[in-house]
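My structure is below; once you've seen it, I'll send some questions.
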Amino acid sequence: MLTLLLVKTFRALLTVLLCVTVVFVVLRLSGDPAETLLPENTPPATVAEYRARWGLDAPLPEQYLRYLAAVAQGDLGRSFADNRDALGVVMERVPATLQLGGATFALAVLLGVPLGIVAALRRNTAVDRAVMGFAVFGFSTPHFFLGILMILLFAMQLRWLPSSGSETWQHMVMPVLTLGTAAAGTLARFTRTAMLEVMGQPFLRTAHGKGATAAYALRRHALPNAAIPVVTVVGFQIGGLIGGALVTETVFAWPGVGRLLVSAVSGRDLAVVQAIVLLVAATMVTANYLVDLAYGLLDPRIRDARR
Amino acid sequence: MADHLLEAEAVGRSFLLRRRTPFARRRLLHAVTGVSLSVGVGETVGLVGESGSGKSTFGRVAAGILPASAGSVRFAGAPLAPLRDTAARRRQASRLQLVFQDTLGALNPRLPIGRQVREVLDIHNLHPRPERMDRAAAALEEVGIGRALLARYPHEISGGQRQRVVIARALIAGPELLVCDEPVSALDVSVQAQVVALLQALRRERGLACLFISHDLRVVRQVCDRVAVMYLGTIVEQAPRASLYATPLHPYTQALLAAVPVDDPRLRRPRTLLMGEPPSPLDPPDGCRFHPRCPRAVPRCAAEAPAPRELAPGHVVACHLAAAPC
Amino acid sequence: MSAATLPAAAGRWRMPPAIVLALGWILLMVAVAILADLISPTHYATQNLRARLQPPLGWGGTWAYPLGTDAIGRDMLSRLIYGIRFSILIAVLGTLIGAVVGTILGIVAAARRGWVEEGIMMMVDVQAAIPFIILALAVLAFFGNSFVLFVIIVGLDGWERYARLARGLVLSAQESGYAVAIRTLGAGPVRTYAGHILPNIASALVVQMTLNFPGTILLETSLSFLGLGIQPPLTSLGLLLGSGRSLLLNAWWIAVLPGLVIFLTTLSMSLFGDWLRDRLDPMLAD
């Protein structure tokens, strides 16, 4: 078990290292980093200082090592927009995105998982078909389209909700619904499949045979086993949420990291772009790693097999 | 003495097995150990053994598709072409070919059989292009597959027909040596007879040399000039056909032959029983590998592996107790 | 396994009504993309400042502009038609690029094994760990947004899926007899992989292409919507939708119509791709 943990940790760190290396390569390929990552009107002394710190005039391997050191310390250049430390600019926006992400995640799980269970229990009935229909529409609808439709309906026609900004909780409703519907749909689908697989297995019938009621069997046996693929899907969804956040935050003018990335790309504020890419990579690898661990913990077969 | 077409000397082949846990040592499976065998021009040599004896593995090494872990194989006086050297392998392929047991697997499921035979001509650039399909058809006719079947797919013809296609494909470039790995084992007995007859005819017509690998002693007897018997990765006995079948000298060979039903119930044959089960190639016994099952084993057999001795002309045996036939 | 064919008499190929509709829509989109020049009333950039912000038919519009006009009087129907053409063109080109690159890498990984394979697979893992749109944005930011680069980037979305799939398929194909047999007959690696193994794994790769296609369209439209993809004077569905966003209150059709087309197209492609996968390759089904 310990070796498994170590191997997984090693792979995660290696992946992060690889991401950083790719960014390094892209950075070097696209021009002189001192120009790319610093605003135009930076005083020459500061520029020289950066050059020295990043070793830009040193041979490539040394540059690489210095880059790694810089990244580890959070020195990722300065934002053009307001000449502040790029990483700091990004980190300011993280809470807003986390807020959105957390609420979306909660919605997806609270909506998707029960729907999936219901669909599995009422398999092949109208309920099942309705839930699956909702799921298909959910994950097929592009976020921008859904968002725009919601704005049209709720903000403009009905005037229930504001269409942009982030001051009150009402501002959160539509973005969360937009992002959450797709995630809920996918989760519902996978939960249903997982439940169906588990429900068909002999050990459940044995439990029934021993006199367990349906609810008990569900709780003790079916749900934990169904949790495994669901956890895997949750891991995938995190990536989807990050991607979806880009568009959704733009549509609803939500002041998160996604919107920052879009404006940084249009403004070619490359230090910020770099910071966001690295941050996202680290987050994703960590998320996958935790999901992987949870997976290993949940499934005793995996746990014991590697002993 | 004429130069042998194929000369294998002290060939060994081992496989590293997958680790069961990340820190365990990887175990070695010794499929073939110290096998020396040669095939002369136009000669058919049989290689017999149970499953797990390593005969198929040796066949693949001899045909050059598996590198030897130890020892050497020479074909027409030169070492076998390395796997990565495409040009050398192509040249070698026109002289040394392999016929497989799994005919359905050996043929591309998506191509008609005519095209698959023709492709060999494309690979070796033999004959002008417009003629090739015709030549392929002729090659198939030679093995008894009519032109009507040229457009059929492998799964649309019978096992016996597939085996003929595989043979035709192997022979169309005109090789001098054919390694046949259990070519008839997957076929019905009646079909076996037909394919065996075909192989014999082709041998005669083309002067083809052949390494015939099989577990079936009766088939081997029909086709081969010399026979070698393998047990657990080593050759225990090698002799001209008549000599082996009439006077087998190794206890294992004797047991194998005793198990083969013969036509004449009145013939008396020595009763030789094989004891126990075939051990695993992962952990071969010390000394003579056969000693745990040998009805005549003595303490020396457990301690010392017997060296091959020539006890009669061309008849080589690896056994401490074997004596020349009187 | 025979290649995919349109529904024949065989019961296996009978399509449920939803799939028929999906396929119908896809074919309609392809037809529109190809015949754009013939069926479009005007060029997509033709302006008519006296006919700005006309609503579509049924909401007070006229036959002159059946789907309304935008802020500078450009006919929405024409813009939609050409938007479909550009979006589909980019998605198809992109998918082909991604499929080719991914498949080649997968084949090389399976053929070479060893360090090459480890390296490629690590890149696959890295790619799978990061949402592609982030990478795409980063590359576009750093290297500027040229049309060619954009198509390549859009195409590379999902390359890792082809690579993983191709590698797996080639590994099992290598085990199978015919690959060994053809090498024994003297064939070189090119003939073996391109001539034999590839045709046998092609159907699975085609299915993967249909599964990836919706994602590719979505990537292009998302980027164009954000203003970071296709740039004017060219047009695309995403660009149209983006341009309509600020006019949502007054001229909802400018955004909703392209959005609807995108939605229906990705939905159809998803449904069709899923159905195709279930039919052709039970092994690929989740």
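Letters A, B and C mark the chains as written, and numbering starts fresh at 1 in each.
What we mean here is this: contacts are C-beta pairs under 8 Å (C-beta built on N, C-alpha and C of every residue); 3 or more make two chains touch, one makes a residue touch a chain.
Computed from a predicted structure; not experimentally measured.
Listing every chain that touches chain A and chain B alike gives C.
Using CA-based centroids throughout, the chain positioned farthest away from chain C is B.
Nearest to the overall CA centre, using the mean of each chain's CA atoms, is chain C. Across the two interfaces under comparison, A-C and B-C, the one joined by more C-beta contacts turns out to be A-C. Look at where the CA atoms of chain A average out and do the same for chain B: the two points lie 58 Å apart. Chain C has its Cα centroid 23 Å from the Cα centroid of chain A. Here the spacing of chain B and chain C, counted between their Cα centres, is 52 Å. Across the interface of their complex, chain C is touched by residues 11, 14-15, 18-19, 22-23, 26-27, 29-30, 36, 136-137, 140-145, 148-149, 151-152, 156, 193, 239-240, 242-243, 246-247, 250-251, 261-262, 264-266, 268, 270, 273-274, 276-277, 280-281, 284-285, 288 of chain A. Considering their complex, residues 176-178, 180-189, 191, 196, 199-200 of chain C touch chain B. Residues 63, 65, 86, 89-94, 97-98, 100, 102, 104-110, 119-120, 123-124, 166, 169-170, 173 of chain B are the ones touching chain C in the complex. Of all residues in chain C, only 122-123, 125-126, 129-135, 137-143, 214, 218, 221-222, 225-228, 238, 241, 245, 248-249, 252, 255-256, 259-260, 262-263, 266-267, 270-271, 286 touch chain A in the complex they form.
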